[in-house]
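Shown below is the structure under consideration.
Chain IDs A, B and C follow the sequence of writing; residue 1 opens each chain.
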Amino acid sequence: MEGNVKLITDDGLRLDGRSSNEMRPIKLQTGVIEKADGSAYIEWGANKVVVAVYVREAYPKHAQNMDRAIVKARYSMAGFSVEERKRPGPDRRTMEISKVISEALSSAIILEKLPRAEVDVFIEVLQADAGTRIASLTASSVAIADAGVPMRDLVVGCTAGKAGGKIVLDLSKDEDNYGEADIPMAILPRTGKVVLLQIDGDVSPEEFDEATSMIVNAMKDISKIQRDALMKTYSIEGGE
Amino acid sequence: MPMDSNAVISEIKKGVILESLKNGKRLDGRAINDFREVKITENYIPKASGSAMVELGKTKVVAGIKIEEGTPFPDSPDNGVMALNVELLPMAFPTFESGPPSEQAIEFSRVVDRGIRESKVIDTSKLVIESGVKVWMIFVDIDILNYDGNIIDACTMAVVAALRSAVVPASKLGKEDFKLPVNSTPVSVTMAKIGDELVCDPDLQEEQVSNGRITITMSEDNHIHAMQKGDVGEFSLEEIRKAIKTSCDTGSGLRKELFKVN
Amino acid sequence: MKYLETKEIVYPGDRIEINDLRPRNGIYEDDSQYFSEYFGVIQKSEKFIDIAPFNSPYLPRVNDKVIGKIMDIGPTMWTVDINSPYYSLLHINDTPWHVNAGDLTRYLAAGDFIYARISVSNEIKESWVSMRDTGMRKLEKGQVILVKPPKVPRVIGKGGNMINLIKSETDTKIIVGQNGFIWIDGEPDNVNIAINAIKMVEREAHTVGLTDRMGEYFKKLKGGN
């Protein structure tokens, strides 16, 4: 199938009309799950993801860490989230994603402030359209800030990759399926440190540089969307 | 998880490892980018379609391949199928447990799988028996027998060695057995971040003091086919670029030494 | 949409200029620079600079007077939800009653609310509450609502002026637990007005001139009746 799909049109644009460094539109909102300590909802292109955060004593008791919190992200996909029904429950892919998201969030949270606790991050992908792990992570870090868990920074994620021989930002589903490489990455913007990075496919070291600098450039916009989402929850209409 | 003294590194040991690294030395005398001694025993399991045992220092793994007939995935009727699984056997380390695979085992499996798959080691289009109906399925199972750090690289080596020796049992279908067509020789290089250093092929103690791991799998084209930042830890982009270069250099060396491929 | 005047808002990781002040709550240091741990507002006093988060979990502090909900009952103690990630414990000896071991439900059953003082709390956030102080008791009748723990000081107001205003304007009895649980008792209509007022304070806690605005709110409410 690969190679049969032309991912870059003759005028150099992508199939959905975007230029190589253009992201899909992102909408982000906090305070969407009333019972949760913090929550967020993100629409990233056609991806739709809900995140709820609960902070509580780790259970069972022997799982508690006396000097810091444990972060447990659980990435899950709704049965109806993909073309063919996904069987509910964890599988190898979702378990790996849960692990790398938990690890990335652990770098952002000041874990020592919450000894014995567990920060549960429940991620439900309602509709998947490439880039769900990065959309989930971006929303999770906002949900955690919404919960008032002490953090060093808000983690920002984005994907770049190679499609039709070109390095492009924020892969679409087609580019993800038929392209040459997929590079999800997340950083802590203040220090520029990478906390999530995976690659599969085929990129040269030079192409990797090109892709990562594209992602780094996009971070500022995503950061702003995260901040605006938090701000919106707390700004109130005044006067009459 | 059972408690065990092996799983907890002493503070004194931590201090020694960090102090020694400041002088560019590792406790076993290796330089930062050195791998431990690698021993590959090919055809270790003659009953398998292909196999290899790899000893990477004291880490010991066996990869065995079974090639069987099966149905192709509906969305790729003209490709054979590969499935890869890493088993962290309870015998290999006191805190490894039997039962369903842990998150850790799954991550290892998937990282090794991506390195092999994306390097296109196996040309799956040559594994079709009857288009859309019957293809050869390559089942790769890797048993971890002893764990002393860096499971990912030991597994990648074992899988590549096993695939290179694998034979497709076509005689079952009245045809002639043929060697599994192998197109590339990926090598994964895993580095642990210890203090400000990235050390290649960390042993168990080094893993226990590290803050994050990064695995980069490249093939003889010197392109990146899989990368994985694992465990809690942070890397600067500069460190990642350095890691890519290390993977490229160290990986080529290993490829030449272990597989006689340039 | 017009926004009320707000204090300076910061996000996790934002650099905080501390000048001559001492950084205290909600601020971490990295390489001799200071950064916010929360999404919240900067609060400066004569000596200190704090980040007051818009939301944060309640963490037990000794001598805080809290409202707790009985969750579980053991042979000699109750497990108490203090609106925190961490449960608190109440021992039979720390109650105003003479309770025999194994006979706890006669005094407090699951779902009951108590007003109690955090008597012990340690580094790992384990805590005990005591009811052996004046005013500490089981809360009968009334309603318990929840506000975000960081908003509690604003609900109380300087010297209690905000909560006293709400109490007198609505003719209700109110106990504000420092953990964010608030107990309100009175005529049902009055209780509802008090709840609305408290929710308004919670929503607008980070704005300037709130006490005045609440005064006007009640004035308008009376004018309307």
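Simple rule for what comes next: contacts are C-beta pairs under 8 Å (C-beta built on N, C-alpha and C of every residue); 3 or more make two chains touch, one makes a residue touch a chain.
Because the structure is a prediction, the values reported are computed rather than measured.
Drop chain A from the picture and the touching chains left over make up B | C.
Legend note: the chain whose CA centroid lies nearest the centroid of all displayed protein CA atoms is A. Distance between chain B and chain C, defined via averaged C-alpha coordinates, is recorded as 53 Å. Once the centre of each chain is set as its mean CA position, chain A and chain C turn out to be 33 Å apart.
With each centre defined as the average position of its C-alpha atoms, the distance from chain A to chain B rounds to 27 Å. Within chain A, residues 188 each touch two or more of the remaining chains.
For chain B, no residue reaches two or more other chains under the stated contact definition. Residues 37-38, 55-57, 66-67, 108, 110, 113-117, 145-154, 188-190, 227, 230-231, 233-239 of chain A touch chain C in their complex.
Partner chain B is touched in their complex by these residues of chain A: 1, 92-93, 95-96, 98-100, 103, 106-107, 181, 183, 188, 191-205, 208-209, 212, 216.
Across the complex, chain B meets chain A through its residues 75-76, 101, 103-104, 106-107, 109-110, 114, 117-118, 214, 221-237, 240-241, 244-245, 248.
Taken in their complex, chain C has these residues touching chain A: 1-4, 6, 9, 11-13, 26, 28, 30, 35, 37-39, 53-57, 85-87, 123-125, 148, 150, 203-204, 206-207.
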